[in-house]
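Next up: some structures, all given as structure tokens.
Next come two complexes built around subunit A: one with subunit B, the other with subunit C.
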Partner chain A sequence: MELVLALAINGLIWGLIIALIALGLSIIFGLLDIINLSHGDFFMVGTVLAWFIVHWTGSFWLAFLLAPLIGLLLGALIMKLVIVPIKGAAALSIVATFGLSIILQETVRATFGPAPKRLLPPVEGTIPLFGIDYGIYRLVAAGIAIVCLAGFFLFLHRTKIGAWMRAVRHDPETAVALGIPVQRIYTITFALGFAIAALGGVVAAPITTVDFRAGVDILPFCFMAVIIGGLGNLQGTAAAAVLLSFMEGVITAFADPVVARIVSLCLMSVVLLLRPQGIFAGAMS
Partner chain B sequence: MSEIAPVDGGKTAQTPEQKLRIFNGVLSIGLIAFFLTAPYVVPMITNDFWVSVTAEIMIWSLLAASVNLLFGYTGLLSFGQALYFGAGMYGVAIGIAKFGLGFWTAFGFGIVCSVAMALVAGSLAVRLTWHYFAIITVVFSLIFYFLALTMSPLTGGDDGLSFTLPPMFKFGETELSLTDPTLQYYFIFAVVAACYLLKWRLLESPFGRALIAIRENDVRAELIGINVYMMRLASFVVSGFFAGVAGALFAFFGRYASTSYMFYHVSGEAVVWAIVGGAGTLLGPVLGTGVLILLREELSVYWDHYLLLVGMIIILTVIFAPKGLAGLIDTIFLKIVTPKAKVARKSEMQLTDSKVRQPAE
Partner chain C sequence: MTGKAKKPTSLATSTNGTTRRSFLQTALAGGAFGTAYLAIGSNMYAKAAGPITIGHQAELTGGFSSWGYWHDKCAQKAAAIINEGGGIGGRELRVVTDDTESNPAAGARKLRSLIQRKGASFVTGSVHSGVMLASIPVATELKTVYFSCGEATEATGSKGSRYAFRTGNDTYTLSGAGAPWAYENLGKNWTMIFPDYAWGHSHHKEHKRVIEELGGKVNDPIAVPLDSRDLVPYLAKVPEETEVLFSVFFGALSVAFYTQAKNMGLGEKMKMYSVAGTIEAIAPADIDGAAEGVYFLENFPRPLAAKDDEYHKEFIKIMEIDPVNGREATSDRVIAKSHAWQPWENLFLLKAAIEASGWKGKKDDQGVIEYLEGAKMSNSLAHPQGDKILRAKDHSGILDNYISQVRGGVFETIKRIPKEEIDAKLPPRFDFTKTAL
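Then we have the complex of A and B:
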């Protein structure tokens, strides 16, 4: 029973981090109509940045500030160099981001090295939780993820740029007519998508390993959250990420983790075929 | 390779488009001649290693061709062709290693596995289009990738399942088997060439025309009486067949099968080969596969991070040559052969056009 509980909590916390990354994927998809195959690598770049910053400055908390900022810059740069020239060709964007994914992974392999490394959490020790000793940092990570998620939704609903982003997503032509700088909103969206994936990477770095291949495993999971939650439905995406990860955690208690992954993938196929708007469609419009 | 019809009705001696068609024909024949003579020509230039690289290029180009049939001709981008490749590969490996099948029965078993898989997956997947189609094809391939991982006693997991090659023919004492490298090369050549011939015939047939009609506009295609669902499914199954043949050949070639060839990165590579070579052209995928694999084999020796270059080539192709290498060659050739006077006449025509339009404004 303790094992089930521990794995369920693990799943929950991991789901909160995934939700952050998947939100980035979802806004990029919703606004720019791009399937971003390099999104998992944005997360991976975040974990690697965290590793470098901790090793240069010794401060983990600085990584929380710097990594998303570097993510913003990299995102804007990629937008300008890669995404703008191919904008409007959906199929080609998949190929271009696949190329981008190769470049990001290879750059990290060349600079950071091919071997996975561990990053020590800034807060060590365990506390008893429902009869099990639980790592404090995981709870801290969950707290940070929740704060970031809340911050993201506040940004989207309470700021001018957030309102513009929603407007562009709703109807880009009317947005242009109303004088919204649509091109800049596209760039901000892409950069923001990179930044929150990188932030997710920093949060996750001490829980998982820092590895140039980390993005390859996380990408399918993010897509599952986006599809099951409903493309463009941001609240749905966040909820689906947490639910899926929680479910996988519980299944892992009884079976191989691979089986858990197969169950989620099958669930995703069913959703794609029967309810392509996601399972929360209709709950909110 | 170009589908532009001659504009002048062919009255002048040769329009640039006709010249392009001849040029493409010569290039294609050159390419085929190279593959036909490679086991004898290549060792003269370098060594035997490159003959087996050439064989590998042919196999992978067939996987790229299967992506091309779906994307270049039907307008569906599949990111899951590794699944049918894997089915063909494991059909052969499991057939030989576990069921003790002979050479030809194992070959057939692998192809049947991949076609059956494509039929089941396709009947669901082609209900969706665009993004959703790309995603569901990846999802299907991932499901079976993970299944293959859990069934490692049968599949060997990432380590793979190796087998000893059964003989192709037996005449009393003498045995013919793929252990002879030259025979192996020509076996692969014959099978791949037959597949390309089939693809060419299919695309020239009403079926191929229907696929192109669907690619251009599926609503109009439906309205003129084409059964879009059935055509897409047929295209999906044929493309699964090509991927399966490629997988079976690869199993024979490497004498083993491994789940790592079923991961979505293999599908992604196939898409890249097809698009870098030129989607929607018959031999473009061969070109793309050849260039990128040669790059890998040549560069990886000297530079550990050659993938950086591959990534850049992919992005540059997508930005500057969206029709791939084949399209690039066509464009350059057309620029060279188009007489200057004609360009001038064209701009003159545009001028008169705008003059005609002026009063209306």
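Then we have the complex of A and C:
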């Protein structure tokens, strides 16, 4: 029973971090109809930026501030160079973002190097958690993820730009008629998606590793969360990421972790067959 | 303790104890590779027939690229030395490298291209077990000698062939070399955690066999999918009674494993033992103490002090790495030393085989294969890892291994396990010499 509780809590905590990354994927799809295969690499760039900033300044918290800002700028640049020229062509967006993914990975491999590195957590130590020694930083990371998720939804619902983002997503033509700078909102949305993924990278880097292929591994789980939560449904995506990770944690206590992942994939398939709009559509959209 | 430095005698490769003549032997006996020698060498192969092309399958991109860089660098440096010394039998050596992308399908496809389109007569192959196992059927079908650098034992076992060789270790020799020491010195109750693909399962199978034969207990295996980032669900399943946690990972999974295992305090509760592959291309100092105290089985020890001879020293100089951590002078890369020596040595071994058998073209391959079966290599610049044999029956390299421990962020060698001991313990399980060519 102790193992079940420990792994369930770990699943919940990991799910909160994944939710942060998947959220960026969801807002980009929701507003721009772009299936962004390079989103995992935005996360990876965040981990690498964090490593460089910590390496140069010694401050993790500075990385926490700077990496999303750099991500915001990179996102705006990518929007202009890669996404705008193919706007409206969904098939092309898959090819373009796949190419972007390779470019980002190889750029990092050429500059940061191919060997993985470790980023020390800003808070060290463990606490006993249902029979295992659990890293305190994971709890801190979960706290940061909750604050960031809450901050994002506050931004979306309490600021003018947030309202514009929702308006453009709901009805771009009317938004244009009302004088909302739609093109700028597209750019802000894409840049924000990059920034949130980069923030997820900073939060996750001390738990996992810093390496040029970090995004490849994380992307499939993010896609599962987005599909189960409902494409473009932001709250649904966040909830699905936490739910999936929690469920995998519980199953892992009884079975092989591979079985847990198979159950997640089966759940995704069922959702695609029976409720392609996502399990949270209607309730949270 | 450390590997005893052997008095330098020969650079060349020999069969049945007979030392072969080579340019390098002459050069090192004279004490140096001088510029005059280089000039003589270049004239010699200029007069001979066309170049001999040897293909090199390397992981230049993808998950194994931190290793692939060193495999490629070793192959290029060795080829340069061979060509500066007059090439192979007076013919220029041309090494053509193709990137496997760390992907078995791409690797096998590119091997076909290396042989059929780029004219590779021989191939020194991949260190990625998946690529290597996907490549051997292609090399066999195309009747081309192929050297594996990966460790899955099947390459010179159930999936091997008369054309497949391996100068380095496989999981059979690694388990036979290191597990008995670890069993005696670290503990009798083992749990094994490894990546969920050929290399990991091969290690589990072989180590389990050795530990159980010794009377130890091996708990349920923990196979980790390659795309895992959060290892807590796996590490939480390590039984409390475990005395030795045997791990086999590579690249990012290695760092994730050491980082998260250390965070969970597993290093304090049990001994951690692994093979060099788990920390290839990674300096313990770069992962901030996460690998501190871990025991490793190496075959080409990272510090020069562990095998302190002039050939090792020269290898370190040529590869532009420091003699303690193996870090490149011009970058912060760390050599994948226990594997990357293989393309280097394979080229010298092929040179010896080609020259000794009088190989001129494809029709003479049988002579090369017969030379390789049972070839003995002497500690030299051509074989800086040390003396070794390539067993005739199972085409497997038998070589010295070393038990090391990370102490204070650097490797310290504890014990050398001589190749004779390994050879005596591990009889060949396959005999490829009886297979028709």
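Note that the second predicted complex is superposed on the first by the 277 of 285 C-alpha atoms of A that agree within 3 Å, B and C clash if a C-alpha of one lies under 4 Å from a C-alpha of the other, contacts with A are read in each partner's own complex, and residues count from 1 in each chain.
Basically, contacts are C-beta pairs under 8 Å (C-beta built on N, C-alpha and C of every residue); 3 or more make two chains touch, one makes a residue touch a chain.
Just so it is clear, the model here is predicted, and its values are computed rather than measured.
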item: Combined model on subunit A: subunit C and subunit B, fit or clash; value: clash
item: Contacts of A:N10 with subunit B and subunit C, given as first, second, both or neither; value: second
item: Subunit B versus subunit C as contact partner of A:I35, first or second or both or neither; value: first
item: First (subunit B), second (subunit C), both or neither touched by A:E106; value: both
item: Partner chain in contact with A:K87 - subunit B first, subunit C second, else both or neither; value: neither
item: First, second, both or neither for A:R169, with subunit B first and subunit C second; value: neither
item: Partner chain(s) touched by A:P276 [first = subunit B, second = subunit C, both, neither]; value: first
item: Touching partner for A:V258 - first (subunit B), second (subunit C), both, neither; value: both
item: Partner chain(s) touched by A:P220 [first = subunit B, second = subunit C, both, neither]; value: both
item: Against subunit B, colliding segment of subunit C, chosen among 26-34, 116-124 or 224-232; value: 116-124
item: On subunit A, positions contacted by subunit B and by subunit C; value: 106, 109, 216, 220, 256, 258, 261
item: Subunit B-facing residues of subunit A, complex; value: 29, 35, 37, 82, 85-86, 89-92, 94-96, 98-103, 105-107, 109-110, 216, 220, 223, 227, 231, 256, 258-259, 261-262, 265-266, 268-269, 272-273, 276
item: Footprint of subunit A on subunit C - complex, ascending; value: 61-63, 65-66, 68-69, 196, 223-230, 232-237, 251-252, 254-256, 258-260, 263-265, 281-282, 286-288, 290, 331-334
item: Residues on subunit B engaged by subunit A in the complex (per definition of touch); value: 71, 77, 79, 124, 127-128, 130-132, 134-136, 138-140, 142-143, 146-147, 149-150, 264-265, 268, 271-272, 275, 304-305, 307-308, 310-315, 318-319, 322
item: Subunit A residues within the subunit C interface of the complex; value: 3, 6-7, 10-11, 14, 106, 109, 113-118, 120, 126, 132-135, 137, 204, 207-209, 211, 213-214, 216-218, 220, 248-249, 252, 256-258, 260-261
